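Once you've had a glance at the structure underneath, I'll fire off some questions.
Per-chain residue numbering starts at 1, and chain names A, B and C are given in the order in which the chains are listed.
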């Protein structure tokens, strides 16, 4: 088993090179089996960073595996996170039915702090329900009931220029707004409204909760701004174009 | 290791914590030991919901543990995700030093698809670099354009000379850097850090987002400049004084 | 994880040699005009160009054979001039400063080698040392910029977990305090959308006291006086100046006018009186023509 490790992660990454991606062969994509941890780890890597639950079909397409293989890897991971050994004979079968209740035979490890859940046909990793209280306390720590000035200004720009990408809001405000946009989304004040057909960037718009808080019926009721303010036309979008 | 847990962590956490839970009841908190997976899993559960690097102090406060315990749990998880066994005798010691490079004994499992990294002063979970191509297909975020040579050079000067004015950066690069500085600010890599008391010029410094993107803990970890600068200490004051 | 300077792949920074260093490529297709022009813009500044030229000739920075490099540098600048409008003045000036220094140095080399005695020689030596010191410094930054670039790319291969808060946690967040009326909110938007003024680069003048004097205004005043046709001496033109600042402003204004070919100068004797006469037709010039550079300055 030791053979799988010697790959110093640094070196390997370099070999693959930053631009190995685009032209890395039309047909396949990376050979999963040659990567440390194989297909299972690749699937984990994806599950760990996706925000929206992903369907087995989408995962299979992205990983270049069959849906069947993905299904059984998902089941395997789910069991493993729940504290069952991977190689328990009944692994696959059991996981289909008793996902979370556990304590039948086959489990001999402590469960992880996260779990893999299948919600409405898609899979995503969540923090384990048992720790909800602790996690909730951590999340609340330092949270305020007030929006920061930066958040308010960002919200104002989005409200008046929606739908708009983060890059444009950044260009208007002159600072990076990624984390503020995340806060506003979390607060339910703005939401994803699809992607820009040209740049592929996510566009944001205000929500009905925002209207509620403002006490207005629609964004058309927002007070008019002075007509002299620049629109979005002149704003250079720095994510595209290699002009910097 | 578990023996370290029970000792009244509250007081300690409060000392250290940012503003450790004013509202977090007197000595309540769920009993970690009674939960499946214990403190280790609780820490994992918290790592699942953070959206920026979390410091051991903040984690300790949220989990009601001492910073020492959190530090060693983090090191343990890091090793484990990298494919070492948890119980290898040298687990804790080795992990302190050889975060990622390791290839000592004790490893007997495949690495996971994700890794736990200490960056910009905090800990956070990342997908493993080997799976970049696959994961990149699922994550739009972070697919930002590359920096141009001009932007990289400007960023380098600011990183090594911060806080620094645009005029000084211009002097070193020999060209006007205003628009490049604007772009770097919009991308969140540098920020305004006040004005020079003498000249009134705005000074710039790198952000913690820059550290995150570089995967380092602080600017002190940037490679030394001096090997590239043979015997030129003091030179920049010389010409700066002359030409600005 | 710290960047390892020793890492060979990281250390192998952008090869200067790779940078197309030939302004007029005798080598291959670069000889064609369009290719040539595209390649010109690959340098990010005069130092970059100079480094490119030096490494093209495989010279040590500290002992460069200046004449070859100088000639190519000048050629390059000519090429840039041909590029025309994209070539901004403040960029050009840095190139020109360096070209001038290089030319000086080349000229000094062409003279018979003598002892370094007079001040000019010493000044030249200093100029050379300074130029090379700056070049070395730039080279160092260019190298670490290469490292930063490759680290950023390497790091971009790792994606942080950064997921939206699960619904039941988001529900725990304290109810938002919202006290903004739609009007206040609109005010915020106005402020955020208003185009920002460029931040000052350098030199605050706030501590200097004195009434702001506008070069443009002074130019207009001078124009009105000279336009009548009678030549006036500089002395006469500044006779009513209430402060040195105004004198300076009028002098600058005259230079501007001269540049716009609105006035001409006569000076019969060295250090003698400077006579100014109007040369533009009387309606052909207005202070609006004045370049922007003085506009916002006090």
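Some observations on this one:
Note that in this section a contact is a pair of C-beta atoms (placed from the backbone, for glycine too) under 8 Å apart; a residue touches a chain by one contact, two chains touch by 3 or more.
Not measured: the values here are computed from a predicted model.
Each step here moves to a touching chain, and the least such steps from subunit B to subunit C number 1. Among the remaining chains, the Cα-based centre furthest from that of subunit C is the centre of A.
The central chain here, found by comparing per-chain C-alpha centres with the mean of all protein C-alpha atoms, is B.
Note on chain placement: the centre of subunit B and the centre of subunit C lie 36 Å apart, centres being C-alpha means. Rounded to whole angstrom units, the spacing between the C-alpha centres of subunit A and subunit B is 20. As a whole-number value, the distance joining the C-alpha centres of subunit A and subunit C reads 43 Å. For subunit C, residues touching at least two other chains, in rising order: 4, 153-154, 156-157, 159-163, 165-166, 169.
Multi-chain contact residues of subunit A, defined as those touching 2 or more other chains: 10, 13, 16, 48-50, 126-127, 135, 139-140, 174, 182. Residues of subunit A touching subunit B in their complex: 1-2, 4-10, 12-13, 16, 20-21, 24, 29-30, 32, 35-38, 40-50, 54, 58, 62-63, 83, 110-114, 125-128, 130-131, 133-135, 137-142, 170-171, 174-176, 178-179, 182, 195, 200, 202, 238-244.
Of all residues in subunit B, only 47-49, 51-52, 99-100, 114-115, 117, 124-129, 132, 135-136, 139, 141-142, 144, 146-150, 152-153, 155-157, 159-160, 165-167, 172-176, 178, 192, 195, 199-202, 212-217, 221-225, 227-230, 232, 235-236, 238-239, 244 touch subunit C in the complex they form. Residue ranges on subunit C touching subunit B, taken from their complex, read 1-5, 10, 14, 44-48, 88, 90-91, 94, 98, 130, 133-134, 136-149, 151-163, 165-166, 169, 198-204, 206.
Of all the residues in subunit C, the ones that touch subunit A in their complex are 4, 7, 9, 150, 153-154, 156-157, 159-166, 168-170, 172-178, 180, 182-183, 185-186, 188-196. Contact residues of subunit A toward subunit C in the complex are 10, 13-14, 16, 18, 48-51, 124, 126-127, 132, 135-136, 139-140, 143-147, 152-154, 156-157, 159-161, 172-174, 182, 185-189, 213-216, 221-226, 229-230.
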